[in-house]
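Next, two complexes with chain A in common: one pairs it with chain B, the other with chain C.
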Partner chain A sequence: MKKLSPKDMINAFLLFFVIHSTQVGVGIHGFQRIVYQDAKHDAWISVLLIGVVSHIIVIFMIKTLEMYDSNDLYGIHQDVFGKWVGNLLNIIYILYCSTAFFSVLRNYIEVIHAWIFPNLSTWFLSASLLLVVIYAFTGGLRLMVGISFFSIILSVWLIPMLIFPFKFSISSSIFPILETNIIPILKGAYSMTFTIIGFELLNIIYPFIKDKENVKKHVHLGLLATTVLYLSIMLVSLTYFSGGELAKTIWATLTLFSIVRFPFIERFEFIAICYWMLIILPNLCLYMWAAYRGFSRLVNISAKKFIWIFSVIIFIFSIAVQTRTQINMINNQFAKVAFYIVFVYPIFLYVVAALKKKFTSQKEQKE
Partner chain B sequence: MFNNKFKLSLSKKKSKVEREDEGKEQNVNMIPQGKNSFIQAIKDAVNNTADLIVKSIPPNLTLIYIENLVDDRTLNDHIINDLYKKPNESPELIKSLLSVPSLKMSNLLDDAVSSMVTGTVLIHVEGYSEVVLANIAARESRGLSAPENESQVIGSQVGFNESLATNVSLIRRYIVSPDLCNEKIKVGKRTNTTVSLMFIKGIASEDMVNTLRQRITGIDIDALIDSAVLAEMIDDNSLSIFPQLLLTERPDRFCDSLLNGKLGVLVDGSSMAIICPQSFIEFFQSREDQNLRWQIATFLRLLRFSAVFLSIFFTPLYVAALTFHYEVIPQAFLVPLSESRALVPFPPIFEALLLEIIIELLREAGARLPTKIGQTIGIVGGIVIGTAAVQAGITSNVLIIIIALSALASFTTPSYMMGNVIRVIRFPIIILAGFWGFYGIMLAFCFMLIHLLRQSSLGTPYMSPFYPPRLKDWRDSIIRLPIPFTAKRPTSTRAEDHEKFNPEPVNPEKS
Partner chain C sequence: MKKFRFYVIFLFLFVSLVGCAETKILEQIGLTTLVGYDQGDEEKLSVTAVVRQVNPEAQSNVVIFTNEDATSKGTNIKATRQSSKKLVNGQMRVVLFGDELAKNGVHHLTDTLLQNPDVSNSLYTAVVEGQTKSLLEFQYENIEDIGQHIFKLLEQNIQEELTVSSTLHEVSHDYHSLGRDMAMPILKRDDQLIEINGVALFKEGEMVGNLSIADGFYLKLVRDKYDSGMIETILKGDDIPPSLKKNKSDEIPLVFDTIRSEKDFKLIDKTTPEFDLHLTLKARLLEIRTDINVGDPKTVAELEKAISKNLSNELSRVIAYCQEVGSDIFGFGEYYRSAVRNSKLTQEKWDELYKDAKVNINIDFTILRNGVFE
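So, the complex of A and B:
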C-alpha cells in the first residue's frame, strides 16, 4: 500500500462535518412515516434509541481501527480473514457502498420527479448529478471533505425553517409517552437504518486523519448533531401532523417545508429540494470514494478509469429502475443489508480482530 | 541585504552567461581599438539605426549613445564638459574623473551594446579595447496620479505608474526597512523586461519565494508588455475563469500584502502589481476596510459579499421562477409581475439574456469611449434603451430593475478582474436556469463550489480561510474585527513570523 502523503491528510476536526454530512441525505426527506408505522407517536424514542446505538457502534469501530493504526477496513479484512475471505468481504463492502451511492442518487431523482419536474428525463438528472460528482471526485479526498464542510455550513439556514411548522404544532399529540410497546419502538429504530447510516465511512477515511487522538470527540459530536437534528424534525412532525396524516405523508420533511412562507417567497420546498443537491453531494462523493478505495485494493486501477466505469454502471442502473415500487424495494432490501453491515458487523469484526490479536501476541510470547 | 540579494541574483545570471559562452568562445566580440572600426562595429550591432548619435571629442575620444534614451542635461554638464576639459586620458582615468553615479568598464562588444540600449553612453578612447559605460538613462514617466480602477474614499490617493523605479521607491517609502527584498529578473527574449520580485525577509515564506522565482524564471516568452500577462503565466491554473493572483495599482494595498507575508511582483512598464498568494475572499476586500471603523468595515464587507451573490443569482432566479416555478412567487406579487410581463412576447430566458447583453454593451462602450462622451452615452443609453425597451414591450419593468441591480452589485467588487468574472459567469447560469429552473441554478452552484475548491494560489488553498477551516483567520475575512483581534498574519501565507504585534498593550492610558 502506498504511503499517505501529508497533503492528503485531513484534520480530525473535519470528521464532524464528514460524519454529519454523510448521515444526512435523502433518508431525512421521509423517515417519519416509516418510523411512525411501527412506533406510532413514540417514534421519537426510536430515533433517540438508534442515535444512542450509533454512538455505541462507533465506539467499536474506532477500537477496531485503533488496533490497526493506519489501515482502513479493507486492509483490516485482509489481515484478519486472510486474502481470500478478506477480499470477498471487501467485494461485499464495495457493493454495499455502490448500492448506497445508487440509492441516494435514485431517491433524489425520484423526489425531483415527484415534486418539481414530473417529466424531466431520468437520464438527464442522473447524468448531470454524476458529472458533478465526477468533477468533485477527481479533485481528491480533501476536496470532497471540503464539500462536506460547505454542504453543512451553507445549509444551516434550512434548520430554522422548522420554526414555521412549529408554530402550528400541538405538543399534546406526543403524550402519553411510551404508549407503544417496546418491540414496535425497536422496530421503529430498526427502520431508521436507511436514514442514519453514513457514519460507517469512518472505516475508510480513518487512515487519512492527521491527529488520530481527536477522532473520537469529533465523530461523536457529528453523530450527536445528526441525532439532535433527526429528533427535532421527528418531534416537529409528530406534533404538526395528525397521526393518520403522517402515516400517509411520504415525504414529511418536504411537506413541512411547503408551509414556509416569506413575503417574497412561497412554496419553499421548491427551493429546498433543489438546494438538497448540495446536501447529497458529500454522500455521493464519499460513497464513491469508499468504493474506489476498496476496488483499488483488488484491482490495480487508476482513479480516472474507475470513476468512468463506475459512473456508467450507475447510470445504466438508474435508467433501468423506473417505478416508485422498484425504488422502494431497493430501499428496503438495502436497508436490511445495511443494518447488518453497519450495526451488527462492526461488533463481530471487533471481537474477531481482538481475539486474533490476543492469539498472535500469545504466540509471540511463547516463541 | 537588498544589495546582496541583487548582486547574488546578478552573479548567478552572469555565471550562467559565462557558461554559455565557454561553449562558443569564438563568438565573443571584443571592442576594436581603432576609432573607425569601433564606430562601425557599434553601427553594425544596432543595424545602423537612425537615432544612434556618434560624437567625437578631439583628439581621441568617441561618444556613442542612443538619442532620447539618455538624459541630455547630464550628458552635457557631467560628461561632455568634463571630457573637453581633460582629453587624452586612459579609460580608467576617465572613469575616476566623471561625476556620474553609475559607471562601468567593459571590453565586450555585446555588453556595451546591450547597456547602450538601456540608456548608457559609451566612451571610447582610441587605442584602448575598453569602453567606459556611463549610465545616464532618462526616466520618462508620467507623474503620480490617483488609482483609477481602485479608488477609495478614505486613504492614500496615490497609484503606481508605469516606471518600475518610481513604483519601487513608492513601496520603499511605505516600508522603510532593510528587510524589504527586491530581486530583479529579466523576462522576455525580445523585450528584456525587468521584473521585480519583492517580499519582506523574515515574514515571507522562503519556500514560496523559491516557487515564485522558479515560475518567473521558467517563463519562455518573447515579449512581456504588461503584468497581467505575467500573472496569467504564473497562475496555478490558467484555464480557470477565476484569477488566482491579485492585480492592484495601489501601493498601500501592495505593502499591506507584503506585510502579511505575501509576495509582490512589479513589471517595468506596467502600472499594475501582482500580489500572491491570494485567496478568493480577499478579492472582495478593499484596502479601505482597514481605514474605517471595524463595524463599518464589517458592514461594507457583508454588503459586498451579498452583492456578489445577488449579482450572480438574481437574474437566474427570476428566469427560473418565471419559467418553471410560478408557485414560489407570492400571490400579491404575482399580479404586478404578470401584468408587467403581459406584453412581452419572449420567454423569460430570452428576455433576460437580451437585457443582460444590452447592459454589457453599454458597459463595454462606456469603457472604450473617451471619458467625456462615455458618461453621456451611459446615461442616454441606459435611460433611453431601458424606457424604450419596456414601452416597446420587449422586456418587463421588473426585469429591468433586477438587471440594473445586479449590474450595480457587480461593481462593488474592489478587484476589476474579479468583477469581470462575476459579470461573465452570470450568462451560463441564466441559460441553465432557463432550461432546468432551480435545478439548473443549483447545478451551476455546485460546479462553481467544486471549481473554487479545486483552485489554489501559489500552492495555497483558494478557499482559505474557509476551507481548510482556519477559524482564527475568519476574524479578517467577510467580517473585520478590531485591530487588536487581528494580531496574527493569515495562515495561508505561511508567514515565518506569525505575529504582527503583541496584542496586549494597545492603549497604555487605560492601564
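So, the complex of A and C:
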C-alpha cells in the first residue's frame, strides 16, 4: 500500500464532524417510536445507555487501530486473519457499508414520498441523490469531510426549533422514572442501533488522520454530541406526545416540527425535510467511500469505475424496493446485522488482534 | 477528470430542470381553510368545507361545499367533482364538529387528520352548538371570509387565555393519553355574530358534557396555567367577610386580569384516590363594584381570603361536575400514573377511581395591584 501524503490527510478535530454527521441521518426521524415500544416512558434511559455503550466500543476500536498505526480495518483483517478469511470479512464489511448506504438513501426517499411529494417517482429522487454523491465522491476524502463539516454547521439552527414543541410539554409523562424493568430498557437500547451507528467509519478513516494523538478526544466529543442530541429529542418527544400517540407516530421528529409555525412560513417541517438532504449527504458519501476503500483492496479498480458500478447497483435496488413494509423489513434486518458488526465485533477483533500481537512479539523475542 | 465533472454537472442540471416536482399554482387551486363535520343520515358523515379561491382578475372569493359520504376523504372526492379548482388541505386552520357528531365520537376524524401529512398539527378544533353546516352557510353581514374569521376568533381567544387551547396536537395528545381527556371550545351563532359559548368535555373521544365559558376558567386553571388570564367573579352571601358587608348588598362583583397561576398536585392517598391541589394565583384588580377601600392592607387581606374561598368553592363545583360526567379533563389520571409506581393503570381502572377521587383545594390568592386610581 502506498504511503499517504500529508496532502491527503485531515486534521483530527474534523473527526468530530465526521463522527457526528455519520451518526445523524435518517434514523433520527423516527427512533422514538421504536424505542418507546419496548422501554415505554423510560425510553430516554435506553438512549443514554446506548450512548454510553458507543463510547466504550469506540475505546476498543481506537485501541485496535493504534496497534497498527496507519492501517485501516481492511488491512487489519488481512493481517490478523490471513488473506482468505480476512478478505471474506472485508467483503462482509463492504456489503455492510453498501447496505447502510442503500438504507439511508431509501429511507430518505420514503420520507419525501410520505410527507411532500407522493407522486414523485423513486428513480428520479434516487438518481438525483446519487449524482450529488458521485459528484462529491470524485472530489476525494477531504471534500467529503468538508461536506460533513458544513452539513453540521449549516443545520445547527434546526436544534433550537425544539423549543416550539417544548412549550407543549407535560413533564409528568416521564415519571415515575425507572418504572420499566431493565430488560425492556435494554431492548430499547438495542433498537437504537439503526439510529446510532455511523461511528464505525472511524475504522476506515483512521489512517488519514494527521495528528493521531488527538483522535480519542474528538471522536468522543462527536459521540457525546450525538448522545446529547438524541437524548434531548427523546425527552421532548416523550413529554410532547402522549404514550399512545407516540406509539403511532412514525416519524416523531418530523411531527415535532409540524407544530412550528412562523408568520412567513406556515409549515416548517417541509423545509426541515428538504433540508435533511444536507444532513444525509455525509452519510451517503462516507459509506460509499468506505465501501470503495475495501473494494479497491480486493480488486484493482479505479475510483471512477467503482462509483458508477456501485451507483447503478444501488439505483436498481432502490427502484425494486417500493412499499413501506419492504423498507421496514430491510431496516430491521439491517439493524440486527449492524448490531453485531458495530457493537460486538470490535471487541472480538481487539481481543484477537491483541492476542496475535502478544504471540508474534514472544516469537520475535525467542528468535 | 475535467470532462467527467462537466458531464456530471450537465446530467445533474438536466435532471433537476426537466424533472420539476408537482406544482401547485395559486390561481389553479382552492385553499380549504376550514372544515366542518356533521353527523349525516345513516352513519354517514356530512362535511362542509370552506374554500378560498384566488382569482387573478377578480377579487378572491369563498365557496362552501357540503357533501355526505361514509368517510371524510370520500366527501373530499365529491367536493372536488363540484369544484373548478384543485382542492388542497395545506392551509386548513380550523376543524369544527357538530355537537351531534361530537357526542358520537370524533377520534376517528382526528386520527385521520393526523395521518395526513398535508394537515398541520397546529390547526384549531372546536365544537359547534347545532350543525356546523348552518353556522357556516349563514349569510353574515360583516364577515367576508368565514374560515378566516373563525380561525382569528379562536386564535385570539386562545392566546388571550379566555378559553382552552385545542390545537389538533393537544386534542389527540389527550385522546391517546391514559388519564387525560380532551376539551374543545364550543362555538355558537348569535344572530349576526359567532361567539365562543363554553367548553365541551370529552370522554375517550366522545362529548359527554359542557361547561359555561365562566366555568371554563376553572378548567384551564387546573389543566393548564395562566400567564395573563382574565376573570369575573361575584362574591355572594357567606363568602363576604362581615367587615366588608357595609351596604347590605349581598354581592360584590370583581374583575381581575393579568392572572398568573401556578399549580401543585400532590397525591396523598392512592387507594381512594385523594389529591391535594395547591393553586397560587397572582392578579391585578381591574374593577370592583362596591365602595371598598382597596388601599387599606387589612381590607385587601380580607378580600383576598374571600376570593380564595369563593374560587375554591367554584372549582370544587366544576370538578364535581366533571366527575359526574366521567370526563377527566384535568389530567388527574395522568398525574396518578406518574406518581404511583407500577400502578398498571388501565382506562377501566381509572374510570372507577376517578368517580370517587377526592380533591382538596387550597387556593392562595394575591392581589398585586389595582391600577392607577383608587
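What we mean here is this: the second predicted complex is superposed on the first by the 367 of 367 C-alpha atoms of A that agree within 3 Å, B and C clash if a C-alpha of one lies under 4 Å from a C-alpha of the other, contacts with A are read in each partner's own complex, and residues count from 1 in each chain.
In this section, a contact is a pair of C-beta atoms (placed from the backbone, for glycine too) under 8 Å apart; a residue touches a chain by one contact, two chains touch by 3 or more.
Please read these numbers as outputs of a predicted model, since none were measured by experiment.
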{"item": "Touching partner for A:Ile327 - first (chain B), second (chain C), both, neither", "value": "neither"}
{"item": "Chain B versus chain C as contact partner of A:Ile59, first or second or both or neither", "value": "neither"}
{"item": "Which of chain B and chain C A:Val337 touches, first, second, both or neither", "value": "neither"}
{"item": "First (chain B), second (chain C), both or neither touched by A:Thr255", "value": "second"}
{"item": "Which superposed partner A:Ala114 touches (first chain B, second chain C, both, neither)", "value": "second"}
{"item": "Chain B versus chain C as contact partner of A:Ile92, first or second or both or neither", "value": "neither"}
{"item": "Which of chain B and chain C A:Asn11 touches, first, second, both or neither", "value": "first"}
{"item": "Chain B versus chain C as contact partner of A:Ala354, first or second or both or neither", "value": "neither"}
{"item": "Touched partner set for A:Ala225, first chain B, second chain C, both or neither", "value": "neither"}
{"item": "Footprint overlap on chain A, where chain B in one structure and chain C in the other make contact", "value": "116-117, 120, 128, 132, 135, 261, 266-267"}
{"item": "Interfacial residue positions of chain B with respect to chain A in the complex", "value": "324-325, 327-331, 333, 436-439, 441-443, 445-447, 449-451, 453-454, 463, 466-469"}
{"item": "In the complex with chain B, residue positions of chain A that touch it", "value": "10-11, 13-14, 112, 116-117, 120, 125, 128, 132, 135-136, 139, 142-143, 146-147, 149-150, 153, 261-268, 270-271, 274-275, 277-278, 281"}
{"item": "Residues of chain A touching chain C in the complex", "value": "114-117, 119-120, 124, 127-128, 131-132, 134-135, 138, 168, 170, 172-176, 179, 240-245, 248, 255, 258-259, 261, 266-267, 304"}
{"item": "Residue numbers on chain C that touch chain A, as the complex places them", "value": "1, 4-5, 8-9, 11-12, 15-16, 19, 21-22, 90-91, 117, 120-122, 167, 169-170, 172-178, 180, 331, 334-335, 338-342"}
